[in-house]
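What follows is a pair of complexes built around chain A, which joins chain B in one and chain C in the other.
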Partner chain A sequence: MEETHHWRNIVVLWLVASLIMTPIVIFVIGPGLPPGNGSVEASGQVTDNTVLLATATPVALAVLVYIAYACWAFRERTPEVVLDGPAIRGNSSVQFWWLIVTTTLVLFLAGYGTVRLLADGSGGGQGPNPIAVPSAPNGGKPLVVQVVAQQWQFNYRFPGYGGFETNQIELPENTLVQFNVTSLDVIHSFWAYELGVKADANPGVNNVAYVTTKGPLLFHVRCAELCGVWHGYMFDQGRVVPKAQFAAWIVQQKTKFAPATKTLPPYSKTYFPQPLRRGG
Partner chain B sequence: MSAIAMSVPAGRRTGWRKLIGFNMLTGIVLGIGGWYLGHFIGDHLSGAGLAYYSAEAGENDIAIFLGYLLGVVGFLVGLGFANYPIRRLLGHPPALAEHESEAEGLFRYFTLNTDHKVVAKQYMVGIGLFFFVAGLNAMLIRTELLQPNVHVFGANQYLTLVGLHGAMMMGTMTSGILGPFAQWAVPLMIGSRRMAFPRIESFTFWLLMAGEVILLTTIFFGGFQTGWTGYQPLGAQGTAGYDAYIGFFALVGLSMCLFGFNLIATITVMRGRGMTWSRLPIFVWAAYATAWLMLLAAPMLIAALLMGASDRTLQTAFYIPGQGGSAYLFQNLFWVFGHPEVYILALPGMGIVLELMVVFARKPLWGYRLAVAGMLGISFLSWFVWQHHLFVSGINADLRPFYMLSTELISLPTGFIFLCAMGTLWRGRIRFTVPMLFCLGWMFNFLWGGISGVFVSDVPSDVTTHGSFFVMAHFHYTIMGGLIFAFFAAIYYWVPKMYGYNLNERLGKIHFWTLFIFFNSTFAPLFALGFMGMPRRVVTYNAAWQGLNDWVSISAYCIGLSMLVFLFNVVWSLAIKREPAPINPWNSKSIEWTLPTPVPVHDFDKLPVFDADPYPYGVEPVPAGAPAYAPAGGTA
Partner chain C sequence: MSATGKRILWTTALAAIVCVAIGLYIGLYLVNVPGSSAAVQTSSGTNLYLATVPAAALNDPHPTWVSYYAVDAGATNWRHVTTYTVPANTLVHVTIYNFDSPSGLRNPWFGQSSGTVGGVMTLDGKTMKGIDPDNASHVFSIPQIGLVIPLDGIAATAKNPCSNAPCSLSNNHTTTTFTFRTPGKGLYRWQCFVPCAAGYIAGFGGPMQTVGYMDGFIKVV
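Showing the complex of A and B:
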């Protein structure tokens, strides 16, 4: 009798807590989850984070409600006398259903994550031969931007515009962008936070990530892999701008860097990394 | 067997003459001598004219590595580790014990000692020391992060602190629970008088200490800039401080590997009569599951590091892409070790929590077989998840769905552990003693560690969280909130038996509540900072995040104060007040509490015979010859 009583209390408390918290998570916390709606991929990650958090909420609440209830209901009421609890050594049906429920949840999350990942690559680095390529908003080919990381800055090359290199980045709106990320020395990681893009920059490797931009946006680029002394200072900002403004910017940049472009090695997916020298 | 304990050599030295002989002092002297000898040889092997002499730094890696090597050899020889093999080679009969006599007093702790209880205490003090050093580094890191643009340390110093904190915590706390508590409790729990290989037991401890000292020498060589992961080719670029990182982690790896091997051998062959596999206390199972990981994962690390050392000295190019090497190779090898490593940290904590919950809920362990399956399952699955550390690195991108699945699958056996802990609480008679509070704290913290783990295991979500403070908060919830809380639970639980004095309960409760509150107040905001885009290991950050960072830093200082309460408690209770502990203060039914306090050198006057399961709560007195288990599913 007593245990039915406890079970009922726990289930009721859990249901109430979950019914309150899950909608709060989905409708209040969810839209504020990172990385925001700066790009199609970033919005996808927000959805993904919301699904994960909404799934985790009832699970976490089940454990918390149970522990809190157990600590209250099963506390020793006569501490001066040492008494044992009942010798319960398990319960096959509880164990069975726990296994079923947790397995279902895990398979759901793994399946959901896989579907989301394979749909558009989710802005993550996919190595030299990407399999999850999102389709461009207006058809056509993606805008290729090469991110060349080195200690301690990012440079950007635009192979579609003569392969010039600049230390600034602007992207046109509503465009599929293909980042070819590589490094000249050690491992860095190109993290364009608001765009939902993160791809490690490995020396001698071309790591491809896709992003579909939305409207105008200021985004932050930070290095997300420890790359030496000035790792903390390896950041810059970029902008997503209207297409006409981008066209003007790129012509201006191309002209500005034309003398330097002549001395650059020709555009390539990877570059022969610099010889290593000891530094502080 | 009990005769072993009495094999005290006649005519032992007394007074200062004790210091002459094989002990820590001799070890230090020979170690320093070995360092200079190695450095001398190294300098002559490779002069300044050779390419691998780093002219900018004025350092020679070969000399440094040889110095470390001969220094460690000298230290171990000075402690007496060469004596036994040499004696045997010269045809002397085997000696079974070294320095075990209680008559040697405190001196025992500074020698090669084969008493598992002495080694456990050596581990406890040694690990405690470096745990506090590494914790102090964390305080310094947080001091630097108080301000984005005003710097207390230089960028290089800051990264060295980050690396020292990470590497020292990882290397030290790998043996954090097993070192003191498995060495002490496992032989007692399985009814053995010693570990299977007592000299190796001592060896693993002194090797770890040598490693820690080597890591600290990095300060003299310019530090290292790579963090505890030591990624290449950044490591190949580093100053000689990186040699200290390699030396440290290689020694820790060797120590771990031998420790795991010793534990497996002990649990397999040293179990007493009647101690079947299905009667092993759950903590022994946790030690066993962990031991396999230690044995098999550590060689990966050692191999990865030796290749790095070879790049730095012998001019190979395993990790140097410009010369045909691969930066992925190190990442891959490191995480093949690194992911089992995090379960080496987590599993013993799970064992402690289940073992102690039984005592303080006063019920048998709920779902014993499920708990064992959970531990072995975690141990097994942890070999198949390592590339989740490399989701955005571009390595094997097509395999990411597999690693996402395997990583999420590991939450199933982890869920078993939670279910067993929760089931053990069910209708128990819960006593909120200090160890029990730490166990409940473990459940709370590890829950958030697990929930945040779902985000980092999911590739789309990991694109944001990878390399950010979110990941940092996640693993601090599992390691500090998990391992460290279980570590303190074990200390409060076993110290009265190990040292013979009670720890003050009021101070213990203050320690728990302050640690619990400030732990959460330190690390929960880090999830938010990571979500906002703050990368790990940065010396500066967006000024908008200063408020949260200051909150975190102040909370971290409060964790430091909480640790001081603990230190004060230890000194007060064990050195000043010295209130003798009763034989069995917790009314535990575990076998070690039936022994006198302190436990005699030979442990058992008569070796125990086991005829029932280890948790006879609620069924006393246990009738002789009763079945070990009541049928599952009978009640509740």
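Showing the complex of A and C:
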């Protein structure tokens, strides 16, 4: 068989496999990709993951089809005598197109990722001066929730409601939430999985992340930065609830922790190094 | 026996010894379960008695480390364990004798008690919702069920402080009591939130990072 026929066969096989697999990735596998559709940002991450996977699919298939075809077409048919094959020589045409195609893909993905990040921050921590601020669903200001991490528990402070602090978190549905994430001791990471939020909690730093909630939801919070002996136990659950239910919860928590609120330092974006205490 | 034969024999014997040593190490590690102390059933209900000391017993591997102990009602029978067994879905009355001085809370929020029956605790017989965060010596907290109990420290001017476990109720101490309802069966962790590990960075190394001192488990059965 002529060498050109091999290339033609490989291209045809790759094209067929790609035309079958890429739509499957987009329409069947994509909707089930993490982190789900718990928030606008989480849905955006599902879209991004789908785009990445759909883009990578033809590339992976090209490699797999090439290997499979080579194993089949160039197999040794008379295995009694195994001889070394001819020396492999460069193919400048293949190298050229490989570089062109992969460079184009990488540049496309870099541009796509940048645009997506600048649009709403994609739920990631943006540091103390965020540049990608999503707009609230009904205008207005975001609900500010301070995440205070320490070994080994997350607490939540609500500066818009008197600055009370609680060890639970509930959020209203269809609301833009601004997480101000900080730490009182070592580096932690606030990871609200179903909300698509992940932001490092650094002592002395206010790391801002945004999320726009959707409907009622149970979400899991975990620390995503190895932070000590109980790191594996540093988790809790939160809920996205209807706005009326959130208002009632706020009143209940504010009352419950009123005595503790009196002892707290005034709300601040960071608390480090104060009130760092001596050991012993 | 030929030289090659001897070499094979020695290599095999050495490999066997290494394998047995590894097996023993793994086996001993797996069966080495930390000791535990069960809550006491009395006519008044289920009771758990604990004590906190500024330093563990002198014969402890870490005699300078601050630590929790399991004790009895009169603080006479001291056992260095931090896994406590309690029955599920039951009201448990806990008494903690604290012989240590204050370090102060990094987060004053933990100065308020929560997760107890009525949201209160008693300190030396007086019912209260919390203490001055600056006077906190330790915290007994089970984060998974929202239990937080701050322990008031003894005065710096105490006349008869206890330096190492075991201590006596004749030593200066504070007594904190509270009642909480245990959750369903399972293994829950507890910890202290006061940076009380003297000599370690930010007070959170050593005993704060070691199960058996200022951390442990609540085994609900």
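One rule holds for everything that comes next: the second predicted complex is superposed on the first by the 258 of 280 C-alpha atoms of A that agree within 3 Å, B and C clash if a C-alpha of one lies under 4 Å from a C-alpha of the other, contacts with A are read in each partner's own complex, and residues count from 1 in each chain.
One rule holds in what follows: a residue touches a chain if its C-beta (ideal position, glycine included) is under 8 Å from a C-beta of that chain, and two chains touch if they have at least 3 such contacts.
What you see is a predicted model, and the numbers here were worked out from it, not measured in a lab.
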item	value
Chain B versus chain C as contact partner of A:Pro259, first or second or both or neither	second
First (chain B), second (chain C), both or neither touched by A:Ala136	neither
Chain B versus chain C as contact partner of A:Val144, first or second or both or neither	neither
Partner chain(s) touched by A:Gly228 [first = chain B, second = chain C, both, neither]	both
If touched residues of chain A are counted for chain B and for chain C, the larger one	B
Which of chain B and chain C A:Asp185 touches, first, second, both or neither	both
Contacts of A:Asn155 with chain B and chain C, given as first, second, both or neither	second
First (chain B), second (chain C), both or neither touched by A:Ile29	neither
Which of chain B and chain C A:Ala17 touches, first, second, both or neither	neither
Contact residues common to both interfaces of chain A (with chain B and with chain C)	185-186, 228-230, 233, 275-280
Residues on chain C engaged by chain A in the complex (per definition of touch)	66, 103-109, 111-112, 114, 119, 129-130, 132-133, 141, 143-144, 146, 189, 191, 193-205, 208-211, 215
Contacting residues of chain B [partner chain A, same complex]	54, 56-57, 155-156, 159, 222, 225-227, 229, 231, 233-234, 236-239, 320-322, 326-328, 331, 361-370, 390-398, 400-401, 404-405, 408-409, 411-412, 415-416, 418-419, 422-423, 425-432, 440, 443-444, 447-448, 451, 454-455, 458-464, 466-468, 531-533, 535-542, 587, 617-620, 629-630, 632-633, 635-636
In the complex, chain A residues that touch chain B	2-3, 6, 33-35, 41, 44-45, 48-49, 52, 55-56, 59-60, 63-64, 66-67, 70-71, 74-76, 79, 82-95, 98-99, 102-103, 106, 109-110, 113-114, 116-118, 122-131, 181, 185-187, 189, 191, 193, 196-200, 202-209, 220, 222-233, 272-280
Interfacial residue positions of chain A with respect to chain C in the complex	148, 150-153, 155, 165, 167-168, 184-186, 228-230, 233, 236, 256-257, 259-260, 263-265, 275-280
